[in-house]
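A, B, C and D label the chains in the order they appear, each numbered from 1.
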Amino acid sequence: MAKEYRTIRNDVALPYQWALGKTWPRFFDGLKEEKIRGTKCADCGRVYVPARTFCPVCFTDMTQWVDVKPEGKIVTWTLVREKYYGQVKEPPYVVALIKLDGADCGFSHFIGGFDLSDAKQVRQKLKTGAKVKAVWSPEKKADIHDIVCFAPVK
Amino acid sequence: MRRVAITHVAQSSGAESRESLMDFTYQINREILDKAGLKREDVGCIIAGSADIFHSGLSCANAFDWDGIGAFLKEGSRAEESAMSFIYGCMRILSGHYDTVLVTALVKGSENPDNDPITSFYGDPFYLRPVGINESVVAAMQMRQYMERYKVTEEQCAKVAVKNLANALFNPYADRKRRVSLKDVMSSERVYDPLKALECAPKSDGVVSVLLASESRAKKLTKKPVWFAGYGCSMDHFNPGDRDLLNGQLKTAAAAAYKMAGVRDPKKKIDVAEVCEPYAFQELLWCEQLGFCGEGGGGKLIDSGATQMDGALPVNPSGGVLATNPYPARGLYRIAEAALQIKGEAGEHQVGKKVKTALAHSTHGFGGQCHSVVILSA
Amino acid sequence: MGKAVAIIGTGQTKHGRRSDVCYPDLVKEAVSAALMDAGITLKDIDGVVLGTMPSMMEGVSSTHFYFAEAMGAVGKPVMKVETCGSTGQSIGHCGFFWVASGMADIVLVVGSEKMSEGDGQATMTTVFDPFFQRTFAAGAPGVFTMQSMEWMYRFKIPEEKGREAAAMISVSNHDNAMDNPYAHIRTRVTMDDVKNARVITYPVRLLDVCPASDGACAVVFASERTAKKICKKPAWIKGLGFRGEEFFYGESDKAIWMSATEAAKEAYQQAGIRNPMKQLDVAELYNPFTYQEMIFYECFGFCPRGEAPDYVLKGAFKKGGQLPCCPSGGTLCTNPIGATGLIRLAEAALQVTGKAGARQVEGAKLALSHAMGGVDQFNAVTILGSKL
Amino acid sequence: MSKEEYRIVKGQVMVPYELALGRTWSEFYDYLKEEKIMGKKCGKCSRVLVPPRSFCPRCFEDMDEWVEVSQEGVVETWVYVNMPFFAQEIKIPFISAQIRLDGSDTGFIHQVAGIDLSDFDSVRETVKLGGRVKAVWSKEKKGNILDIAYFEPVK
């Protein structure tokens, strides 16, 4: 036993099937075609990526679809070196907010395509405002990992 | 309007406890009832503060909590975050239905997985969770923006950890007790660059209770009632990309609390603040948004020494969340500590100046998605 | 009692298997409906209360974050209140106290569940402690069957009689659901259908048990002044009570069920109700199991202990009976758990304001709504009236 | 669009926890190893609680007195479980029962077994509300609730 007092393990493992609804399948189908689709609010004019059913600010339905560019600028980022249970991938990796050209909000994804082992070098390479573009997965499953990551544009 | 006072406070240490969660809870509520000279039956209503995902794998947390908080066949309820539980307790008294309410928040971090895997379940399963978003990741991204936009330095952020962990040495209930130097913090592992290990809060155990009473009842129960003067809370957008991480909802929450409490100039009026800073730099950012200094002035604020224990506006004399982080209970810990400062009962970490008005703050969610501010007065 | 509080609007989704929408969109559907019913916009809302079942149900925790926009809460204070199955009533109580405290004028209360996305029984099993009882837990049906058996044994109710009465409850709930456009299960069943349905946990059969539903409900609470100003027919909150028992099943007597009895007693006292059977016009009970509905009748003082089956067989609780129960078809036909208790409250509000459509109980002025939670641990009651 | 066409994403969530038993429950399990079922008695209301608590939830006072209760008791209620659940610990069919052990004031949840469980009608003849059952111990004690293997009807 790892602890010096008496304990019991209590693992909670449960299965789920999450419904995507009407809007998100269209977004994911777009990824399959290497397109990033957003929705535009008729009231405030903002373009949201990923697409949403309704405008998070105006609380009105959004029906207009807009393709945004698979490239944009880094808003902010972090280099993850911490390991933890159930992590999505083996550190080190970079998670960033990216403002895609044509969108009015940040898009969360990985940044990669280069050596991440040296933190100093990563800091030198990744600057806020730097341009990145989507690296597509050769095999597409219509989910967020159809984009492998965003890579710096030279 | 009726008035509400905190009459008594009881808290456990934040260190790992070998008690079962039920007994751990019972001991603190037994203590607060004894302090107040009350029996379980005398309390009007009991509100728990606990969150399922932070609850040892026992879902419907209130079910397990019910016995330990002393709520058998009593009126009661549960809110998922403890500042919310506190406010709900105040509502119950303000409504005129109850004269006493016991509010208890509880968690055993030592029984839970780390906070990072837990907070990743805040994320939706389609977009945010699959790309590794959790509270620390968003905080790190927020920190980078904060430093770049306002030219706040990494050292200034690290100083918060140095200050709060030093304060914690004087708090018998603190979890992380270790004097650290600026160099220690700066050279600690860059877990989420630019966030360093010593700038991230630990995972603590904790049970904390406050007894609330109506004005007439409070005056009978204690010589030093601490009055609930103001409250504000505000929720931000879910997706971190939909917001400006440096301009969130804390200003809105603070404005509401100050308005209710009649605070015009927080810098002058607030004598001490207990701010929820699970990440060191957040104390600086939150201080700006609470109006303790101008926008981007957080770095200078810490340099000035004003937020030190003996400064003009001490922040986190208890050591804050960086020292003790019983996640869903940490908001009520801030409120309890603020109340102790007003009562003059904070012991070795009592601040130098006389405290008439204190502020307690709580936040949870990615990059501070939800903020609560509570103002207490003597 | 302090300041008066009213319900000025309600909204529900169509309940059922709602794979056509993602979870936040489901929540928004109910919120939009409630705003429209109350004739207000998000700007008028001072605070939002949310409640659902635990995070394990749908695999997203602390959903007040995820639903921030869907419930119109951005820039507003939020309360996340949860008490297991009784959540729906507990969030209603929070809405009441928020307004009654004077800290808010209009509060939006939202309850939701999307049970098709998780494993309901497995989630419920995690409510049991892992030290002593989880090993023997058989989800909700196991517990409710134990309770029903204990109750019948205690009051010497012959098995046949219990079976007959429970079947009648199933038939009448299913009949009622036909009148409710929001209900999940909308099919008529016969006594024989119920009695011959597949055994789940003996003597409980499939048609004695509620479905697992997706659905959301939203209710708007307002102060007396505002309610009188902007709402033609508010539903006034007359009394409320919440009680819980010990955590370990078996420690308190579930055939008498103190939490249910005491919660109702508290609410009755506030509402000035001495003879519920006479004074109440309609009741929306939280009835996931037919047998259990009868225990509630007794706890709530609708009939003496042990006599519920006799009253049921006389038709006392059917539409047109002495005290119609669950004209909406009840939990037995619709159960998105986190919303279910709030749906009871919304349905009671519709009844006392004459807005219940085909399921309206003629001239209803005083209604009881209720929810139960935990492993038979919690009960909550709210009484609504048409007059202040 | 038919319902089947609505898209879903399948996933699993796994969260590991490790819980402290605390002194009272650790001791309870130690007693089980010695084939003793121990409860705690409240000095105020005199009720004997099994499983034991360190405090009485009703009186809200510490409970210090250990009391051994009988290994026999009365079936207060029971349920025949023949439906599978996710992560079920016991193989179906099984009987989950609330047993009032002689000398205790609470119902104790455990299983009734040691009889042929395959045929429900014959089970009903054997297991009765108000009937008496007694504990059957596991040979190997692991310090958990299944150190009592099951309760069997007393003939």
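Here is the rule we use: a residue touches a chain if its C-beta (ideal position, glycine included) is under 8 Å from a C-beta of that chain, and two chains touch if they have at least 3 such contacts.
These figures come from a predicted structure and were not determined experimentally.
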Centroid comparison with subunit D (C-alpha atoms), farthest chain: A
A-C against A-B, pair bridged by the larger set of C-beta contacts: A-B
Whole-Å gap between the CA centroids of subunit B and subunit D: 39
CA centroid of subunit A to CA centroid of subunit B, Å: 30
Subunit C-subunit D separation of Cα centroids, rounded to whole Å: 29
Per-residue overlap in subunit D, given as positions that touch at least 2 other chains: 6, 8-9, 11, 13, 15-21, 25, 57-58, 86-87
Residue list for subunit C, restricted to those that touch at least two other chains: 19-20, 56, 59, 68-69, 74, 117, 119, 122-123, 126, 130-131, 246-247
Multi-partner residues of subunit A (each touching 2 or more other chains): 3, 5, 7-8, 10-12, 14-21, 24, 56, 85-86, 143
Contact graph of the chains (line, ring, star, complete, other): complete
Complex contacts: residues of subunit D adjacent to subunit A: 6-21, 26, 29, 86-87, 143-144
Of all residues in subunit B, those that touch subunit D in their complex: 17-24, 26, 29-30, 33, 39-40, 53, 56-57, 66-67, 70, 72-73, 108, 110-113, 117-118, 121, 125-126
Partner subunit B, residues of subunit D touching it in the complex: 9, 11, 13, 15-25, 53-55, 57-60, 62
Contact footprint of subunit C on subunit A as seen in their complex: 8, 10, 12, 14-24, 53-54, 56-57, 59
Contact footprint of subunit B on subunit C as seen in their complex: 1-3, 47-48, 53-56, 59-62, 64-69, 73-84, 90, 93-94, 96-98, 100-103, 123, 126-127, 129-131, 241-247, 258-259, 262, 266, 373-375, 377-378
